[in-house]
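Next, two complexes with subunit A in common: one pairs it with subunit B, the other with subunit C.
And now, the complex of A and B:
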């Protein structure tokens, strides 16, 4: 600040006021631009650069291969399988998160007993470290001594224990369930915050106009939630799409490659197959998919501004 | 055409009594204002009628039907909210159409009725706009349109003009009066603005602290307020109120207030309220009944507020501040000595202890002499 001020003053007599302001502005945003370049632009460019080489991870030595990594990936069944698994996981967990999140937000918006306590407790899964949460869930899902199998057999819902993590489609269902459990509180707090700002008068007017509870939900609540739901769904879609730790810790991508999403594939290429180049190529392709979400976000932002 | 009746309606929120034993009979086609300061119970009254609140006890009827147990939508009442409560994501046309849509009216009929309501309120050009693209006055008209289109038995209006600027408010006031004359429906109007109540209503119900003070025509309320509260609340500038003692001295009636002594018309108050040694009263006189007179009691001009068509003048009369209004041609300056008399035909006397009106209220003779002021 002091430096910027002093510089601006030193050159003040020779420059027009508007130029001085422009210069000061540039100086003030310079730190942000530098940090942005260091932590975002450099890694991005270097990932793209690396993806054009065949690199052995332990030594980081390699040779120029051009687009060969991409050609190999796009022709491989494993890549498209990971992409498909990624889509199934993202859509599955996202739908559950949103439905569960909106339903609980509506419930917590009502005058129920222990509302404040419930509002705090609901955030618990979101705050919990992923490693701890997944360890607990692995214990719940365990086919030999897991409480889930035990409880379901005790209630007579099944006769033999199920392998919740080691077989399909159970593994995918388990991952989706744990993902929804872990991240639905984000939907709850966002939606609840919006619900609290909807004026009561709108509901009263609708009541007098003849709307029942379902009419009030579809005609008042849902349209009022539209904007926040768009943002929440978009953000959660981006975050779920690149989710790594939860899936890696719960199933490791298995059985075989049944829950191996793109982030897990990046990890596999980089550290299991020791191909940093191939891993970078997967990451770059993933980024291209996510670009789609980003464009949607920008377009929506511009639409709401106008 | 529908009358609206409140019978011993009581509303308490926990220990707080919002409305106490209200009895109110509103005639069919009448424009009635519920007037009072905030917290007086006027909005609660309206919301109970609408069905948005339940009375603690008592009966509310619309027409000949008791509506206590009916849900809001089945009471055949339309409400205009203070905030307008327009549905923000719907266009003007969809807003107006909404109550019809919820009642299962056919699309073609809906369209026609929306257009008719829009024409009545000059909204035709705005039908495709969203509420946020409208001015306050336009939003107000859409809210009215949404009420109008239902053709309800009665309209409930909750401070509908309070969010508008002064000029627009005057304009919408006239529009509402005109609308009421045209459709002739019962309208119940909640306001804290006495000017709105006075100018628009057939009758006004003045409420204070959950109690109905007076229910009468605007002129009757202005000329014969039944309590100190009504006297002070109605009228701008407010009625001059002077505390003092009222004594009967033979055939004379004398008001004393620390240095100020007035002989009042003997028939002004009911004889039965007078006590040996006098009673504590508050004497009320409206600003227009404070008259300049060369032979009147001596007073000094303190402040002059010219408004163009008249001037509001604050006088110092024996250490009492008295407000008067004088014509635009009367030029007065601060510090100027003047003579004042009070219009004896228009004096109000209230008991100091409970504020009730003590006037005998026999039609005073037109030739009544002005009270003489004795210092």
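And now, the complex of A and C:
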């Protein structure tokens, strides 16, 4: 370091080396910061500002209404309906994702034949477009020609075809199932990466102490996965809560508003009801819920840690 | 443990049965796309096509705007990836190797924006792009895609680059390299696997994006695959299932190619980047 310091000081003797490096560091991060300000910070601040206006989408003309948008939303049944639908969807799909994800990670950690092909097949849904995933499932769910209805009738599980998307509670179940199918590979990847780092001697010691496979799972695997699951559940909860594509494309929020979550409500306010101010207010409230959840999650996580 | 015992065979069968069930929708897509239109509406459905046909693929490629949407998707995804990765490599290097006030705050801000819902940004972005007169262009999509791709790329690259030993840079500088010289000669080659993974993931994110494409583009000439295929083949009265399944397969080709070549990188890089951070 002394040699490098000497050369650098010879080039620019007036500035201290640490200051020079600090400036270079700032210069390298500058493009990132500028783009962040333009496409994230500015829109974020402006979303909060817009939520205080009433804006008609086709003309983009607006007038100041203060907190009226928020007052109207918090008093409306549709908003709270969307909130609870959002919670049901998030919890339902998240639980399935974690259970399926851990189970399949354990399975794919074993030495099965053609393991890398099996891993690719399992991981693929996560990387495919949501548009494709939803189209495929809509074909599987199709009430007349869908394979699911025919398979279930053939197995004797039901006698008449079910409407999987157009009626309740089927629509909610379908959305949760497709969400679980599309996103559980994220849990698989994360858990699999962690499983590979658990030392074998822990299992050997447990086996010598007479632990069965369930005992080894609860006493060794689960505690080792704790940390990774803590983060995975946080990320997936946030991503599921803000999911738009999957629900919009599968049910469009229907039947009526039975699967209409908050992101769909934002879209509806902005581009169907032509009320951009109200839409921004929904988006801001949604963000506040998510922030609140994150704070609670970290506080609770820390509390159980100690 | 016996290597080829019955329990081992049973376990393998069970494991592959589960894999089959999970990936069944994917196989079903391929099967459906190869069936002639008449076979599609058989009751009960046939599990394997009685006759294999590529007519739906041919029709999509020759008689529809599929290829135009495809090339729009390629342009937007490649442009987003190049822009975002170039900016993020410099940014991540700065966050990992330099000391200046506010650095940790900045790293936290990146994580926060990575978790920000797109629907919060979409209305102001829409207004901004309309006012700048660039709504309905492919460029507007590149701008919009940086909102999620840049935080993602910086975060992922930061964890990759933090894994490169400090000593390497110091050693190069002892040999007389400047800091930027050491960055280009030592850090960049070391970070290359991480950069490739990040580029691949960014490309996939952009390739699959739907919400921004739906809201920002309202004109057929700038539609990407995700919105184009839907407007082309799905109406409220009629859905072209055969073509839709063929389109689904072809839309997934770039993702499959990436998978075939980079499977090892994918699992390793993704697990490390997304979770360890």
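Of note:
To be clear about the criterion, the second predicted complex is superposed on the first by the 262 of 306 C-alpha atoms of A that agree within 3 Å, B and C clash if a C-alpha of one lies under 4 Å from a C-alpha of the other, contacts with A are read in each partner's own complex, and residues count from 1 in each chain.
The rule we apply is simple: contacts are C-beta pairs under 8 Å (C-beta built on N, C-alpha and C of every residue); 3 or more make two chains touch, one makes a residue touch a chain.
Quick caveat: nothing in here was measured; it's all calculated off a predicted structure.
Superposition of the two structures on subunit A shows subunit C fitting alongside subunit B with no clash.
By the touch criterion stated above, A:232 is placed in contact with subunit C alone, subunit B being left untouched.
In the superposition on chain A, A:267 contacts subunit C only, with no contact to subunit B.
When both complexes are overlaid on chain A, the residue A:202 reaches subunit B alone and has no touch with subunit C. Within the superposed three-chain model, A:215 lies in touch with subunit B and out of touch with subunit C [touch as defined at top]. For subunit A, the partner touching the most residues, choosing from subunit B and subunit C, is C.
Once the two complexes are overlaid on the shared chain, A:113 sits against subunit C while remaining clear of subunit B. When the two complexes are overlaid on their common chain A, residue A:301 makes contact with neither subunit B nor subunit C.
Rounded in steps of 10, the angle subunit B-subunit A-subunit C defined by Cα centres in the superposition reads 80°.
When the two structures are aligned on the shared chain, A:145 is found in touch with subunit C, with no touch to subunit B.
Measuring only between alpha carbons, the smallest separation of subunit B from subunit C in this overlay is 8 Å. Across the interface of their complex, subunit B is touched by residues 199, 201-202, 204-211, 215, 219-220, 223-224, 226 of subunit A.
Here subunit C touches subunit A in the complex through residues 11-12, 15-16, 18-19, 22-23, 25-26, 28-29, 32, 40-45, 87-88, 90-91, 93-95, 97-100, 103, 106, 109, 113, 115-125, 127-128, 130, 143-144, 146-147, 150-151, 154, 170, 173-174, 176-180, 204, 207-208, 210-211, 215, 225-226, 229-230, 239, 241, 244-245, 248, 251-252, 255-256, 258-259, 263, 266-268, 270-272, 274-275, 277, going by the rule given at the top. Residues of subunit A touching subunit C in their complex: 1, 3-4, 7-8, 18, 21-22, 24-26, 28-29, 31-33, 35-36, 39-40, 42-44, 46-47, 50, 60, 104, 107, 110, 112-113, 116, 118-125, 127-133, 135-140, 142, 144-145, 147, 150, 154, 181, 186, 189-190, 192-194, 228, 231-232, 235, 238-239, 241-242, 244-245, 249, 262-263, 266-267, 270-271, 276, 279-280, 283-284, 286-287, 290, 294. Of all residues in subunit B, only 50-52, 71-73, 77-79, 81-83, 85, 87-89, 98-99, 102-103, 146, 150 touch subunit A in the complex they form.
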